[in-house]
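For reference, chains read A, B and C in written order, and residue numbers begin at 1 within each chain.
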Amino acid sequence: MIKTLITTFILTIIIPICATAQDINQIVSQVKKKIELVSDYEASGKMKTNVAFLKIPIANVKMYFKRPNKLKLKSEKGVSFVPKGAMSLNMNNLFAVNNYTIIDAGTEKMGNTLVRIARLLPNEDNNDIVLSTLYIDPVNLVILKSKTTTRENGTYELEMVYKNYLKYGLPDKILFSFNTKDYKLPKGITFDFDDGAETKKASTDLKNKKGQAEITINSYIINKGIADVFFN
Amino acid sequence: MNKILEINHLSKKYKDINAVDDLSFSVNSGDVYGFLGQNGAGKSTTIRMMLTLIEPTSGDINIFGKPLNKNRHEILSKIGAVIERPDLYKYLTAYENLKLFAKMSNVNVTHKLLMDQLDMVGLADRSKSKVKTYSQGMKQRLGIGIALVHNPDLIILDEPTNGLDPQGIADIRHLILKLSTEMGKTVVVSSHLLSEIELIANRMIVIHKGKKIVEGFVKDLLDPSKTLVEIETTDNEFAKSVLKNSAFATMVVDNNDKLHLTINKIEISSLIKFMVDTNVQIIAVTPRHSLEDYFLNLTKTA
Amino acid sequence: MWNLLQIELFKISKRPRTYIAFAAIAAIVMIFQFAFKADGESYMNLMMQNIQDNFELDKSKAINGYFMCYIILNTLLVQVPILVALIAGDAISGEANMGTLRLLLTKPISRTHLLLVKFFASFIFTVVLLIWMAMIALFLSMAIFGVDDMLIFRAKGEESQILQITKDDILWRYFAAFGYAAIALTVIAALSILLSVFAENSIGPIVATVCIVIFFTIVSNLNVPIIDKNVKPYLFTSYLVGWKGFFYIGINDDGQPIKGSIENWGAIRKSLTILFAHIALFLGIAIAVFRKKDILS
């Protein structure tokens, strides 16, 4: 009797769970496959930069991508400050390392979506990326969030919202967070005018030396071919 | 005689120094009036007060019958002056200098007027040269040209022959005489040289340490028949009052502390007799030969 | 008065020293332009020192004509007071030194008029100097370096900021800034004229003006809180750099610059009021002294 019960339990409860709980390696490889559907794109959108010391207008930007790892973010006109870690906007970059170990770090609720968390640990010691954490929507097979810790440039965080280009695994909105030092003008360079205006209180996030770039993409031109010169 | 310039009890004090001390004199229309005194006697200070460059401490200046301090513009527009060295804008030409000052004097400037003026002072051929290339004498003549460009009624020249060579001095002298005789201008000219004044002025004043020594017609003051006599008495004030009420009254030179008389030599004995008769206790009577000796003396002691 | 002003301007225009100022400005500006054309990136690297690692900036775009002019003005407007003093400091004392003052004052001109004319002539000189500066520091730079958005590197109290003004929002700021600079430099002119009244050679007032400006500027920039609070507001030199206020663009709550705005109009108005008050004060004293002055030169 007990044996029967156990068998029933295994058959009705455990097996379905295992069946739905795909292997994290599989999921990552599926996501990667989806990303690889796009061999190049040209995206246009707007970039809003939130950095405590930077008072710059919202810029019209263009983002060019070409496999395997070419990515260029530039302002359509005018002078623009582009955060240096912008290279990680390239999803492919997250998988740029061929040799990595994937660790299943469980699940988490993001909005209404239950995401699978995968940690990617490069096997080579000399890689710039120390650790990537991906928050994957297992149903749509897209990355909703990633945290990348680098050796040289601190930690970047990406949050992505998908809508119109979901089938290509391309986000409509990217929120890119990065570390930045506090800006200090070299002493004695300027005689500045003290206009007595109060410095607006920066949000604590900005105070914590976190910078943010919010990129909203209006449109993508996908797989139409891009010349290499765009990336120079 | 029409008094063009009248100065009454004019004084200028600088802290403890009386640069000009209770000075009074007048200049008549048509005079070439000599203003004589050694350097530092107060000539320049007086002239500068006449031109509103220095504000008097006390006293009045009336020019053309009007108080200077209340009619500055009107009076100055009828005066031409050269004060000491005629310093001009060295980086401008003579023509430009003249034009500029003519405009300031509200003259309706024409090319002909300017050239005529330069011609009068003998600079027409150098009108286009910068003043920095000019000799002292040329600058002086240009200065006079500027002083005359607005056809003033009164011309004031402060030491116009200073630093000039003999030819330059002669040129200026001729110019002054021409202004007076041919153009009927009234000229006040200061100098520390009696010989200069003697040659050009009809009337003159001698000042020393800010005070008037003597004033009068040059021909009278420098008349060799008139000897200046200095009398020392036990009580100069008493002696002066006695003399002023006598036939000798006109001969007394008003010179505050000392008792001076201008007198013909032959009258000296009757002067002494008169003083003895009126109980003036005489200590000494020292005759001088002339105003020139007297002036030279002052200059020497300075 | 107009007649006199014409004469005064004629005199200024005929003097070799007048052109020293124009030549000096041209020389400094052109050295700047040459240096930035050759190696502007080093300057950018210096300004961005500690954020180089975090941001990428197209430096060749950032070093444009508008930016150049700002850099040049930032440096030059510290030195231009010397050039203004060179003319204004000479206004009365130069005439005294040359010996022309006594001749001038025996003309039927009131001393107040003469002083005002000297002042206006210095003002006009200053304006012409600024127009010249605008021509070579702004328009020539625009021709050499092109135009684009402009970055302002600013120290604001304890913080530093980088402001970006879009290129279609800049030119009017320059016109306003040059206008402001004209007023600021006119304070220097008035001060020089005041000092000039007391002196009988031109070196004295020129050197004195420059010393006062340098001394006050140093005090203004000591960054010692007690001085910033108690002394700085009373020094006119604190307001000389107020032209920069036109480039401190207003920022919205989101941290974005608001096109066409200025962070603190009130501060600029206050600065201008203080500058005008100084002009009136310096000129007033100068007139009062000059009217009573015995001319002994």
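Things to note:
Quick note on the criterion: a residue touches a chain if its C-beta (ideal position, glycine included) is under 8 Å from a C-beta of that chain, and two chains touch if they have at least 3 such contacts.
Quick caveat, the model's predicted, so the values are computed rather than measured.
Number of steps on the shortest path from subunit A to subunit B, with steps defined by chain touch: 2. Summed over C-beta pairs in contact, the chain pair with the top total is A-C. When chain centres are taken as C-alpha averages, the shortest distance to the whole-protein C-alpha average belongs to C.
The chain with its CA mean position farthest from that of subunit A is B. Note: centroid distance subunit A to subunit B, computed from Cα atoms, is 100 Å. Our note on geometry: subunit A versus subunit C, Cα centroid distance of 49 Å, whole angstroms. Per-chain CA centroids place subunit B at a distance of 51 Å from subunit C. Residue positions of subunit A touching 2 or more other chains: there are none. Contacts from subunit A toward subunit C in the complex involve residues 48, 50-58, 74-75, 78-84, 86, 152-153, 178-186, 189-197, 199-200, 211. Interface residues of subunit B, counted against subunit C in their complex, comprise 48, 51-55, 72-74, 76-77, 79, 81, 83-92, 96, 100-101, 103-106, 143, 146. Considering their complex, residues 46-47, 49-51, 53-58, 61-62, 64, 74, 78, 148-151, 153-157, 159-164, 166-167, 217, 220-221, 228, 232, 238, 241-245, 248-249, 251, 253-257, 259, 263-264, 266-268, 271 of subunit C touch subunit A.
Contact residues on subunit C toward subunit B in their complex (touch as defined above): 3-4, 6-7, 10-11, 14-16, 98-100, 102-110, 292, 294-296.
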